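The structure appears below as structure tokens.
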């Protein structure tokens, strides 16, 4: 099978990190292609960044639907553009956030989300409320590191993530930890070993779910929320 | 005071209708300017349409913040781009949807939303859940008319709206009706007179709230959900 | 336009403070009249106090409906009598609490409410639950000052409010602060400047919303929750 | 033990009906006294009616606390004044509505409430939301009979109640029916026999719970929501 | 009346303690019989323990329905088997947990639950969510004592319970404390006296409610959740 | 990899059907073993049936943990024993219900569940509430066929399922249909083709998710809800 992973930001470095995780995670019978848009922000840390990432990302989705992919993954934990992508895709589309939340529900009573910076906490909570999953949320806590720092200082990121995850488990009742940023990819195994709770790397989780759903031949609903858009004039 | 109203779609006809309502609604001491982007979809009826409407809209928001406006209104009931707009605006920004929902809470126990077409029902319900207001929602029902039809067939629109609103009141327990589409602007008074419940025209409601908030000198929070974005490279 | 503000307690001092805020807040084309009942408690800090404040307040509402007012404001953050008032009023009635909560939703992801004393926290939370808005509440925290103290010690009140509001922002995730007591009127601008988040004075907010709604000509629903009462014998 | 039942309306006829049910329901070791205020509305069907019923009712509560009662029941399904009554009572106070809802939770997955007239549906739903029990509510449906009719036409009331309850069971999933009006007292056994689900008469349920709680020696919390009011001047 | 209390674990010591509380609590006209299964775990502290306690408990329920009991109490705060028991019982069945939660709603705005050990916190919260009562929950806090310790060290248990309950009241806003373990039976009066809030002993509460419901002649619904099982082959 | 599927009922016929679906669904590198207990009910349609199915099922879970399985599936849509199984398993355990609900969240805004008979509707809704997923549920509707009929009348089952699913889509807003009974396995593809929405066969979905999770090496949390039980005496 062929799975396309679109990193909605324009960082080649981040795209390469996602590629490394995906290559190490994928099944042998799965080919993964990882791309990112040519235009748009190099990291996505705000709704403003999302506003400029979404159209280039949807352009890639359109193009992908004319090629031979079995599934598409939007590899940003913000799930930017995931509804629009599903509206125009006949192959299944999976956002990192929605997929990781769904799997977290299976692994423990409540999940905790590590995010980058304090202002993203409110946005993440809005997303959880949007998904109707607030009753399963233990907490969302910020690493207070920039995405750039996360990207360049792996040891500091790992140590900060460890301390934060421990606090979420012991104080907030989190039974599953979600590493809520594609840039944090790569440290989940170490964290899991030390904490004794599942630590979910959204890229890994989403790729495994995508492979499984392709196997099963299921696609998202084309009635209702993801109904194909009515054709119309675009100026 | 000066209020800028941005119609996020590119329909000059719709922009003119919004202008007519705004001019008829505004206070004498309020100047309103109504604009729309040069690029993007002529109507916004899907997440796909939103994906291409948002960046041109945010471009207008950026430009507006360098001019002399006291408040900005995003005049689409989908509130496309409203979080991004608030992040970059030092003047208050009001979306039609969020503002009309807030005012509806004051006028009755439960609100009903009329929307255009069936697929938008799921999206509207998602928005209400996102705002944490599901317990105050009576129902969302579709007119099953295209935005184009709404735009060109005023009598049919009005009759369909009347029948639908009556059903929401009598069967669903709606005590306030929200006309969930900027294109439906202009019929609220007639509907209200016949139904005996408030019928809210989002453009009117939002303009009155914006004027009031400008008077009061309040702006949205700049911590948390609407924190200004970190500067970064855009490719 | 003519707006009547009823202070449901019998404190002339508090009534004068509300008058001062209202006079400083109102539009030039708005006349405000501020009155309070002759009978009833001098402050309203409990359901018991409310029980004796409500009938004299509703008497004033009845009288007001025979006079020439365009809107009525019930100027206690407990919203005592607001449903009964709406049932018998053909002009719009606004409670401080309901109106300020509605506007707070527009200004940030979550609101925090400052109240007087610890026992009022449970009552305030009951009100927020009653309005179906728990998902948007960050916290309710008590100043632990009596209404009398709030009334006579402005500096202490302001300092206590500042410290408390800061805690609500930093620890609880409040993005908007509501000063949950009419007696706290007058300090919102200073607090806002220091905290960097909107600090809502319910009297100001409600008066501005009332003016805007009068402009718009909207009245609360007369079907359902606020249906006019059936005439009957009163012994 | 001695239990005082206060009918908050001023109808001697209704008071007598409550007395008959209470006398037939009470344990042998329980003395019940049923009274009603001298002033106030003869029926309570609106918030307006409640506004004038509450002070006379609380007067009776105060007086009762100086006498030798072991518990007090507020015998209106609207629970008018129940928070104020608990604030000033050292003996337990039980409202019909709160008590019947609590017991209904034990007897089936979801409850349905029969109420008098359509406008009361919104108020009842507000009460259920206030109690945080919406997830256990099947429906609230109106008999569309006035309290006076309920009072004078027992056969019609019974037949209408039967048809309505059947609809709530079969269409709405109600597994327990609550007769949401003190005036409907007396028909629960017949309804129960025909429907095959529990049909709760609030006066019966509340009296049995009150007896049990007196036996147990438990009183409502005096911290938080029901904290005793601060003494103050009443004009 | 005759009430059967089934302790679902196999501890004779615990059964004797429940018997002592029940004998001291019951009315003179009530005979109580307290039994426990011959097989199964000596304490129930996990879902695993429940898995082996449930069939022996349901065997006792079946047998009890052929004898002359007026009501059955399942005397474990986990309510193990309570749905199955109701499905096959023509007499009312009461679980400690469901009954105590229902009564707690009447006594204060929010309840706090003391449980044995940290892992039970997640299970208790699941139960509260299952009952749809999360909005009324202040907190669940663990004593961090084993059921065995609770059973053998009464002074330590009482002191730990006191400190924990105080914290739940002062920090979490609990207005009612539920002693969420049958083994804690016996200390509620002392705790209540010192804390000033109701402290509910589930055995006492449930026995009093059961007596009251037998008096009233009400049984749980036999449609829906508790519908009698279809007869079938058991291997 | 080796996956064990335990059918918690004792029907060899049902076990064979699950085996057929699993064999047709599994990956080539996955060995599936399908077993059922020797004792217990032949179908599980009530809490009573569950009470007698759970211990034999947990016995099989214990035994499986001493063998060489990579994951265990509990193949009943009631998820009987799933918490107990997770408590004692070092390999991941997946219930059909929890897994299918999680995947349904990814495929549409709201899910609908087809169940066997009317009384199971209340139980299913209880399960959805327990999972905190009520806001994502469109409806639960009963086929009104016995599990035995489902088992022996495939054409009737399929036709009834088709009509019911269509109603859930058109009237209730379901965008994903869950076939809430292991016995309905085998018809999902046909239904999906005709309805145009995903129709999830829980056995298929859960097997694909289990394979994916084994690939990823993730196990459920061993802190909190699924903490290993304390060793103790079993009589």
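Chains: A, B, C, D, E and F, in written order; residue numbering restarts at 1 for each.
Methods note: contacts are C-beta pairs under 8 Å (C-beta built on N, C-alpha and C of every residue); 3 or more make two chains touch, one makes a residue touch a chain.
Quick caveat: nothing in here was measured; it's all calculated off a predicted structure.
Chemist: Going by the stated contact rule, which chains contact subunit E and subunit F alike?
Modeler: Touches both subunit E and subunit F: A, D.
Chemist: Starting from the Cα centroid of subunit D, hunt down the chain whose centroid lies farthest away.
Modeler: A
Chemist: I'd like the Å distance between the centres of subunit B and subunit D, where a centre is the mean of that chain's Cα atoms.
Modeler: The computed centroid separation for subunit B versus subunit D comes out at 43 Å.
Chemist: How many Å are there between the centre of subunit C and the centre of subunit D, using C-alpha atoms for each centre?
Modeler: 30
Chemist: Two or more other chains in contact with one residue: find those residues in subunit B.
Modeler: Within subunit B, the residues that touch at least two other chains are 109-110, 121-122, 126, 129, 132, 134-135, 173, 175, 223-225.
Chemist: Draw the chains as dots and join the ones that touch; what shape do you get: line, ring, star, complete or other?
Modeler: Graph shape here is other: it fits none of the named patterns.
Chemist: Each pair of chains that touch: what are they?
Modeler: A-B, A-C, A-E, A-F, B-C, B-D, B-F, C-D, C-E, D-E, D-F, E-F
Chemist: Within the complex, which stretch of subunit D touches subunit B?
Modeler: 121-122, 125-126, 129, 134
Chemist: Note which residues of subunit C are touching subunit D in the complex, please.
Modeler: 10, 38-43, 45-52, 54-55, 57-58, 81, 83-84, 87-88, 118-119, 121-123, 126, 129-130, 132, 146, 223-225, 227, 229-230, 232-235
Chemist: Could you list, by residue number, the parts of subunit F that touch subunit B in their complex?
Modeler: Counting only subunit F, the residues touching subunit B are 109-110, 135, 173, 175.
Chemist: With touch defined as at the start, can you tell me which subunit C residues reach subunit B in the complex?
Modeler: 25, 27, 94, 98-99, 101-103, 105-110, 131-136, 169, 173, 175-176, 196-198, 200, 204-205, 208-209, 211-213, 215-216, 218-226
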